[in-house]
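In the two complexes that follow, subunit A is the common piece, with subunit B as its partner first and subunit C second.
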Partner chain A sequence: MSTAKTLTFLLMDAPYESANSTTALRIIDAAIRKGYHVNVTAYEGAVAYTYGLQKPHQNPIKGTTVEQEKHPNTKDWVAALIKAAQGRGLKLDWLRCGMCEDERGLYENQIAGTRPGSPVDFYKQQVEPADNALVIPCR
Partner chain B sequence: MAKILTIVECAYRATIEEQDDTVLWFTHMMAAQGGADLALLLRGNAVNYLSRKQHVDVLHFGEAVLGNPPRLADDVEALMKRNVPVYYVEEDAGERGLEKSDFIAGAKAVSRAGLARFVAGFERVFHW
Partner chain C sequence: MAKYLLIESRDPYEWNDVSYFYDLAHGLAREGHDVTLFLVQNGVLPARKSPRSGRLADLAQGGVKIAADDFSLRERGIAVEALAPGVRPSKIDAVVDLMGEGARALWH
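Presenting the complex of A and B:
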């Protein structure tokens, strides 16, 4: 059994709305690189991070095509973080608030490696066993 | 079991659409169904959650009606009935001209000067 420590994060912002999203992913990325198991609960708008129908777009101001723009989608970043954790023998458990994705119509087409859950799952499965936990709310 | 302090500072965030404060709701779920050892601290504009004088009227958009308006003082009171102690920052209430006599019973005041010591008494702090 791995002896790596575990950090838990709760994210609340919808992607593409504030710097919190990128900051949260930077922290998660750094934690994985440093050898931590990571738990994430995506609450409220954050359930959209992993929505699978996100599409990159072109940029008419810059005159770039979709291919040239290489516009990032958070679903790809999360998938890459899950893969990075697996590659290091670590766990990235990405839990999505089930009721939040219901009310937003995002309960289908979520990317593989993530799962729906509840505040109770957050508390029992992610906070209690973790070495520390950080909530990153929207403001 | 870790002792958790939930701090609500960002007040009335989507409370009409959600018919709840989503952090109070989340806290209530962890306490009621998860058995978590929790306390709640209201600061900033969220101290108004204690006021019995707040009121959400009926909201219509065309024929669409808001079903169950948020009753935040009731929700805080319900948390206390779940053995979640509730605290508020005394100066935040005073600066907003809120009268303690309008507050639900049972919430305890914490001074700004004593806040660091108070927060240090918890193993996990979720600052929303």
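Presenting the complex of A and C:
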């Protein structure tokens, strides 16, 4: 059984709206690189991080193609983080607030490796057993 | 003595409540706690020598360790040489390290 410590994060911002999203993913990436198990609960708009129908786009104003634009999608970043954790024998448990995604119509087409849950699951399954936790609130 | 990690993401030129977060850092340090103020995103803007950076220098004098996210600094064109006294550049890994050490972490 792994003796790695576990860090838990609660994210609230929707992707593409706040620098908090980028910073949160950078912290999670650092935690995995450093050998921590990571729990994440995506709450409120953050349930859209892992919405599977996100697509990279061209930019007709700049005249760039999809390939040239290299537009990043958070679903791909999260999938990469899940894969990175698995590759190191670590766990990235990505829990999506079920009520939040119901409200937003985002309960289908979520990427593999994530799961729906509740604020109670966040506390009981992710905060209580973790070594530390950080809430990144929206403004 | 407890260890605290206070993460400031906001710009004090835009958000007046940033000063309350600085006050919290100052108060915790004054009571003997080990306090790190980690500046990230627009929170790094006062790290450049300016009229607002004096407050950060005061915090450093008061025992608060002040770190500025190097990625956020680069995004905003703030050179390490331009940082105010008492502020040091840091990788985001420092957040993980402090959390791993059990620091009580707060985000503003």
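To be clear about the criterion, the second predicted complex is superposed on the first by the 139 of 139 C-alpha atoms of A that agree within 3 Å, B and C clash if a C-alpha of one lies under 4 Å from a C-alpha of the other, contacts with A are read in each partner's own complex, and residues count from 1 in each chain.
One rule holds for everything that comes next: a contact is a pair of C-beta atoms (placed from the backbone, for glycine too) under 8 Å apart; a residue touches a chain by one contact, two chains touch by 3 or more.
Please read all numbers here as calculations on a predicted model, not as lab measurements.
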item: Superposed partners subunit B and subunit C on subunit A - clash or fit; value: fit
item: Subunit A as apex of subunit B and subunit C, Cα-centre angle in degrees (nearest 10); value: 60
item: Touched partner set for A:F122, first subunit B, second subunit C, both or neither; value: first
item: Touching partner for A:P137 - first (subunit B), second (subunit C), both, neither; value: both
item: Partner chain in contact with A:Y43 - subunit B first, subunit C second, else both or neither; value: first
item: Partner chain(s) touched by A:Q58 [first = subunit B, second = subunit C, both, neither]; value: neither
item: Overlay on shared chain A, then closest C-alpha pair between subunit B and subunit C (Å); value: 5
item: Contact residues of subunit A, present in both the subunit B and the subunit C interface; value: 132-133, 135, 137
item: Complex contact set, residues of subunit C against subunit A; value: 7, 9, 40-42, 69, 71, 91-93, 95-97, 99-100, 102-103, 105, 107
item: Subunit A-facing residues of subunit B, complex; value: 1-2, 4, 10, 13-14, 22-23, 25-26, 29-30, 33-34, 36, 124, 126-128
item: Residues on subunit A engaged by subunit C in the complex (per definition of touch); value: 5, 7, 19-20, 23, 26-27, 30-31, 33-34, 36, 131-137
item: Contact footprint of subunit B on subunit A as seen in their complex; value: 10, 12, 43-44, 118-120, 122-124, 127-128, 132-133, 135, 137-139
